[in-house]
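Below you'll find the structures, each written out as structure tokens.
Two complexes, one shared chain (chain A), two partners (chain B, chain C).
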Partner chain A sequence: MSTKKAESDDMTYKLVWRLPLIFWQSIFFLGPLLLMVAMSFFLVKNYRMVEAFEFQNWAKMFGRNYFWDSYLLTFGLATTATIVCTLIAFPASYALAFKVSENARRWAIFLLIIPFFTSYLVRTFSWYVILAESGVVNSLLGYVGLGPYTMLNTKFGTLVGYLTLTLPLVVILQTISLAQVDRSLVEAAHNLGCGRLRTVMTVVVPLAKVGLIIGAVFCFILSFGDFVAPYYLGGSKPPTLPILIIDQTKSGQQWPRAAVVAITMMVTLFAIAFAAIYAAYAKRGKQ
Partner chain B sequence: MRDNVLKWSLWCYLALLFIFVFSPILASVVFSFNSQRFPTIPLGEFSTEWYAAIFSDPEVWEAAGRSLLVSACTAVIATFIGFCTAYTDFRYSFRFKGVYLALALLPPTIPLIIMALAMLAWLSRIGASGQVWSIIIAHTVLTAPFAMAIIRLRLSQMDETLESAAWNLGASEWAAMRHVIIPFAKPAIVSALCLTAAVSFDEFAVAWFVSGLNKTIPVVILEIVQGNIDPRVNAIGSFVFLTSMTLVVAAQLFYMSKQNRDAS
Partner chain C sequence: MKDAIKTASLVKPNRREVLKYAGASALAMPFVNRAWAQTVEINMLAWYGHGEPDIVGEFEAANNVKFKPKYYAGGDNMLALIAQSPPGTYDVILSDAEFVQQLNAADYIEELNPADYNFDDMLHEDFTKFPGHWADGKLHSMMVRFGHLGVSYNKNAITAEEAESYACFWKEEVKGKVGHFDWHLPSLGMISLYNGNGSGLWDLDDDGWAKVQETTLGLRPQVGGYFDYGGTFNSLKNGEMLAMCGIGDWITGVLEKDGAPVGSVVPKEGGIQWTESYCIGKGSSKADIVKKFIQYMLSPEGQVKSAQMAAYPGFCITKAGRAKLNEVDKKEAERTGQVDGMANDPITLVKEGRIHYRDIPKQQSLEDWNDFWSEYKNA
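Entry: the complex of A and B
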């Protein structure tokens, strides 16, 4: 009878738990996104938005070189950040997954979670001070007779900011997926005379592929959408796409054009995410 | 021998990585007690002037109060929605459940700057932008998925027959919810409250767009940073760090103490 009861569901009971999410996210999540798509076809007249269905904003943004400059810059920076971050994170994740005790690994992951709860803005501001012409890094380098180097308002500065945002997350994701790799397969490779580096490249990496790719995708999404690092550390000349959104919204009152930029970003991110998921789960070709 | 060299180099590498991750956090705390306006090596003298400056600034106090209010309200609503969703996923299967779960988990994958623009446009259209509760609404959308994930994880540790056992013993669905499910999920609920509050307390992009003149602490930081080098940012940042970490550690302790009791 009791299991029957679960079937003959009490409608009220069921809906009380199901509806809050549907209501809230439809009104305050789907609604805004759909309006943004519609808004990209609106017009701005005398600083006021007028409902319309025109392709003006799209034509205007896509027809301008500065939009494509921004697009390529943002895409290039995010791609560089993803590659650099994945490569920097891997040895650390490898060490955490294979070379330390389980307890130490748990502590390391706990430590890596801490940055998520510190203000990213404040950390960026710290880098700004540390990397400045007369900042901490340059004065330390000065003692050994190097520098000063210009690090702010360069792509290097932007990358430092991106890595501040993404490195902890990528290390966590990589470590978790590497820790799940079956040790006996690694040992088998060793026993069969496979060298250390070759074991990593041909056994460990393919087995942890999904986690590594997920980490890289998150790195790309976060870097692509971040406005703080390129603005404060990169000098924002030319602006990246997120900065373009802010400019169009805050100073220009050009919300429709900002929507065009936002939608272009989302389409790009979806394409990247789908390609990555496809790559992660694609069957390896027979050799 | 070669093993040792490899092990040591990996350890050094790990140490460097942790230095990179933590140096901006530590630097900000150190700079907040440093007298120099533009900190460098060698450091200036110990000073609490930046703290004095923020504690005597009514704008900072107002923003701090607003931030606490926003994160408290966000935490309660987001955790409620997260619990409902986690329970629905745990108990029921239905058509379009995939869509339902996508709705529940997608928000964090969309860049905040895009959410900020979409939220601003939508809220001003329905006449709800520039208010304190505009921030609460937006933050709830962003944080509910985290609450859902934490509570869902806890529910998956529950023996699924516990609930039907309660029904067998004559409990109504509501009674089983009250006496079985909620007590079991309680540590996760408290964790979810703390974590969503911490996320909301730190969020600046969406808050900056929809808050209008009702600035929260991160928005105040953003505006100070836009001006010039001003070490007050470090002082506020250290204060925010302390608040968020208290919430996170509380969440962690609550979750672990309950799990230990369950295990013993």
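Entry: the complex of A and C
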């Protein structure tokens, strides 16, 4: 009897602590998500949404070539950003985790957080000065007889914007993950004659796999859903899915069609995140 | 001695005095609030800039009112904001003229009394009976300013002669350097003019619409980007874009005044006029003060403020407004052609039939145009 009571108390205790999260997720995630799904079946008449259960928004968006072009473009750009960001971030994270003092690492992480103190939009606009044809990069290239190159309003510009948003975060996540790697295993690998690169690839990376994958997933999610970089640095040429959402709402107030795009994006991100987390936590033998 | 003690206690108050002053302050708060509440808040729905101090500051000070602007971008965005708000939310609405009839049809705006406004002072007869502003002999909106859209260009890349035709957008030297203001209506309207549709630019049959789409798609290789106001402004300023389709002096004017080598002209195929008008929101409890504000904006002082607006300049619509502008800011009057007898006088251009009032498509829906715009951006 007392055991049962203790179990019941334990359950109540756990539930009480979980309630805020459940409440928060229900109000601010599940509720809006269900509303968005419902909205995708609504119709717009005279700039007002009318409750309905029609599939025409889905048919309209999925039947348009420009929707799929935007989808592939957004997916491709986000994937490229993820690969580039992970590759650029790794050497820096490795150095911070293994090659510098703990004090220096703390300072570095603090400095990596600082960019988030300023608005992402402001940081994006500052690239105008750097990437413009008369900007800093082209001026420097001009000294060695190169350029000018068009970097703004291109996919390159979009990628620069994505990295502005994600690189500091990915470095932080990778650094924290790499710092957790058991040094004795690294030393053991060295003692057994394993070269530096091989040690990194076969010991360090597998041990820090979870953090590295989580960093990559965050990079993909943030890039995939970013509106600012493709609009202001990519010149909306061609538009990515977030720009398509804005286009739908801006003219004609087609919130239901915007909801279709948003749901498609969410499903994609769910799939990517699920696959990545599965890969991150999969046992080596089962891979 | 007593005075000395009093002074000392004020400089260094004891605990009892601190409590006393704090209590007195707390008790006085409701009266302070009441004093603040006497300032009437006017909810404004407008394009960016209309609720800023350079426009409404003097009116606010003189009438003890405070504008609370809500800014929108585009007529359908405006309609949606009103549709999603309870009646009476917006006291004053600045609308693009072509959307006034929709505001009226949806019963979002109050009727105005024509006797409250001086129609005899208008620079052009059309402005007294602007399309859509009157319905069944009743006035629903007052035009306050306008501007022209045409070829906006960098003077170092395109000559004034070349800018006399929309054909300059296809010039080889500006390949990848032609920008679009990211709104289908003005850009497609310009292409329609380029196709020779003249005054029928909005009234396109299937064949005309197909040709407009074809011509627009032909411009795609020249296009360097699609921008909002900030992006348009920046890309012209830093030379990333050398020509811009869909805008006019309302953007290049700000840059030109700042010394940038850019300008806007109405080409030989014709230009498009944007027109902005004030309406009183349905159910507003502040109709009287809003009426006074509209009268202020139509006064010579208000017209000058509109012409010099920091966000984007507009032309005067009244004779007195133009005279005042010539008196206080001759340079701006000359820059924009708002001087009687100048070749690029906007009123002369309207009279010559070179200007077409911006409208919505007659034979297609806005959705058709918007759909094509998305397709064009992805082409």
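A few comments on the model shown:
In the analysis below, the second predicted complex is superposed on the first by the 255 of 287 C-alpha atoms of A that agree within 3 Å, B and C clash if a C-alpha of one lies under 4 Å from a C-alpha of the other, contacts with A are read in each partner's own complex, and residues count from 1 in each chain.
Heads up, the rule we're going with is that a contact is a pair of C-beta atoms (placed from the backbone, for glycine too) under 8 Å apart; a residue touches a chain by one contact, two chains touch by 3 or more.
Computed from a predicted model, the values in this text were never measured in an experiment.
Once chain A of one complex is fitted onto chain A of the other, the partner contacts of A:247 are limited to chain C, with no touch recorded for chain B. By the touch criterion stated above, A:235 is placed in contact with chain C alone, chain B being left untouched. Contacts of A:132 after superposition: both chain B and chain C are touched.
Annotation for chain A, partner touching more residues between chain B and chain C: B.
Within the superposed three-chain model, A:22 lies in touch with chain B and out of touch with chain C [touch as defined at top]. In the superposed model, A:69 makes contact with chain C only, not with chain B. Shared-chain residue A:150: touches chain C; no touch with chain B. Of the two partner chains placed by superposition, only chain C is touched by A:46; chain B is not.
Legend: residue contacts after superposition of the two complexes on their common chain; A:122 is shown touching chain B, with no touch to chain C.
In the superposition on chain A, the residues of chain A contacted by chain B and by chain C overlap at 125, 128, 132, 134-135, 232. Taken together, the chain A residues at the contact with chain B in this complex read 1-3, 5-6, 9-10, 13-14, 16-22, 24-26, 28-33, 35-36, 39, 88-89, 91-92, 94-96, 99, 108, 110-115, 117-130, 132, 134-136, 139-140, 163-164, 167-168, 171, 196, 221-222, 224-227, 232, 242, 245-246, 249, 255, 258-259, 262, 265-266, 269, 273. Interface of chain C with chain A (complex): residues 73-74, 76-77, 79-80, 83-84, 106, 176, 179, 182-184, 223-228, 230-231, 234-235, 238-240, 366-367, 369-371, 373-375, 377-379. Taken together, the chain B residues at the contact with chain A in this complex read 6-7, 10-11, 13-14, 17-18, 20-25, 27-28, 31, 38-41, 80-81, 84-85, 87-88, 91-92, 100, 103-104, 106-107, 109-115, 117-123, 125, 137-138, 140-141, 144, 148, 164, 167-168, 173-174, 198-199, 202, 204-205, 209, 218, 221-222, 225, 229, 233-234, 236-237, 240-241, 244-245, 247-248, 252.
Put simply, chain A touches chain C in their complex at residues 46-48, 64-66, 69-70, 125, 128, 132-135, 150, 152-153, 231-232, 234-239, 244, 247, 250-254.
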